[in-house]
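First subunit A sits with subunit B, and in the next complex the same chain sits with subunit C.
After this line comes the complex of A and B, so read on.
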């Protein structure tokens, strides 16, 4: 199930963040979102991810302490969505 | 008359996310030029200079020591083509003699009320080599509204987010800090601009987010209170250098839109811990500026300092290494002791060790500098911390109805690191 969500998320991230020229297959779900060794996202992308979670999943992120852990990788975002949906 | 004003490129601080703010010196200087002068402004950090463009006179505005060598190259290039060059700005003042070898004229000091004469000299072929007004400050009331209309505003937009505009409410600084050259440049007498001029200029800036670049707002409590009180109705949001630690002042600052403060973190003390907490108590973020390499900085101190920064919950941290800029006490001491090993001004970017530290070798200080950036941003990355700080300003704007949404047409615009 998480695999399906990761696949969906990848496409949503490409669309929301306007990552032109990137395909879901190229995105390693466990790679860090930030930094040169990962997807290289920036602070505006985090803002877009927050909008995405609110718009597509009804999840509001308002600066929780665990924010950096949620936004570590695509996989950690997917895990957070699943947890929130369980609760 | 066609006047091309150039802001030379420089290498940005290693470790820090690259961003480009609309420069302040050139727009303040442009306000001193008569209105009939046709000004073209080029920010070389974001644009390429076409040396074959027609201009009657070239102005080179330099703020940083790390800009001067490039500024001299540009000046040489134009003069080779027979176009005269005048240099000015803070870094020109710090490097006046060297700059005079590359320019037809060097302007030292504040330009208000002086440019008519300089341009008259130029038109009559009697441009002087040096215009020295370094210690002869013009009346502060003569400072006009900065000419932000010369900026290509779309260049200072990152993915639809307009960068802050820079603004100043005063000149001079009553402090005389060890590594700083402000007292040499602007004098130790605090010179506030008249409030009506401050408000008039602030109201005219087509940007809700500002960087108030005054050296420190903590100069005069009565002035500070009135400044913030005057700013409240404008609903601007801004960052600045330190604000006095006083309940009434901090409250007024918060009401006036204080977003975050650049605060020097110079030791591990309850004073600093409390200073940061007090800003936070008033909803004001803190970007710590941390200078490494002072004579009392041992390796152990630097490592403990980095841990302390995480403990006091700074929002952001900017690390620099002590850089002995000319006309500072740091330069006098280190030069006098023969400890400076690089006088290549391109190395004076604040992220390179150019002197022999007292407590360790230069390589170790360089490593500790890199380690400071890595450690501070390990658990919470720089983009995430910047997002949190950005969210703060959005929340403030949402609360008072001043929020403007992102400019969608510019969402693909990113900054590129300027080629050296």
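After this line comes the complex of A and C, so read on.
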């Protein structure tokens, strides 16, 4: 199930963040989203991810302290979504 | 102190001119397709380009066309380079896009990446980030290109020794209507090199008007 969600998330992130030329296959779900090692996203992108979770999954990120853990990688986002949906 | 326009680039009618010579013609009709075509032609690797609104894409590409293959900005401290621009539509296209995203209270999802482009000055920021420019910057909104304002403002910056180099001009984009004229202004006595451009243009309102209208100097 998490694999399906990761695949869906990849496409949503590509669309929402306008990652031109990027394909879901190229995205390592465990790679960090921020910094030079990963996708190199910036502070505006993290706000877009917050909106994406709200718009597509009805999940609101309340505390700024949660952000770095939730948005570390695509996999951590998927795990957070599944965890929130369980609760 | 004589001020000179040492390079100029223009985007209009599917064409890109560098120093008055057509450098690139695109088959693409829409603004977005033209900008992508020029991006490929310039062989740029800058993924953030694709996240920009069309106004910023045009400003970014105009600066790219103006500066690529030169080391002009390396000759000046970043804090002594200014960017002074004008346009007519401000950031209207993304202002409207933002309004659309917040119109429905039941689907109220303003996009941060849209909102960030709801000020025209962001086009200056995109150029400044790319080329490490840290000097004075401003964007003025006029119905039409106003070379008089640019002349007065930029001349004053040089007179007060606030800048040693300035990127200035007109960057207008709304829908598929786009037009840019961007030029570099330098002081005659400080120009140390001349790469491929034999004749500089005196920085005055008449010459800016001629460049804008595409008339020969």
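Criterion: the second predicted complex is superposed on the first by the 86 of 87 C-alpha atoms of A that agree within 3 Å, B and C clash if a C-alpha of one lies under 4 Å from a C-alpha of the other, contacts with A are read in each partner's own complex, and residues count from 1 in each chain.
Basically, contacts are C-beta pairs under 8 Å (C-beta built on N, C-alpha and C of every residue); 3 or more make two chains touch, one makes a residue touch a chain.
All of these numbers come straight from a predicted model, not from anything done at the bench.
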Ask   = Given the superposition on subunit A, are subunit B and subunit C in a clash or a fit?
value = clash
Message = Taking the superposition on A as described, I'd like to know which of subunit B and subunit C A:54 touches: first, second, both or neither.
response = second
Request  = Would you check which partner chain A:44 touches, where first means subunit B only, second means subunit C only, and both and neither mean what they say?
outcome  = both
Task = Quick one: classify A:82 as touching subunit B (first), subunit C (second), both or neither.
result = neither
Query = Where does A:2 make contact in the superposed view: on subunit B (first), on subunit C (second), on both, or on neither?
reply = neither
Message = I'd like to know which partner A:19 touches here: subunit B for first, subunit C for second, both or neither.
response = second
Request  = Show which residues of subunit A both subunit B and subunit C reach, each in its own complex.
outcome  = 18, 20, 42, 44-45, 47
Remark   = The subunit A residues in contact with subunit C across the complex are 17-21, 40, 42, 44-45, 47-48, 51, 54-55
Request  = Could you please specify the touching residues of subunit B with respect to subunit A in the complex?
outcome  = 17, 158-161, 379-388, 390-391, 411-412
Query = So in the complex, which bits of subunit C are touching subunit A?
reply = 47-51, 109-113, 116
Note = Interface with subunit B, subunit A side, in the complex: residues 18, 20, 32, 34-35, 41-47, 50, 63, 67-68, 71
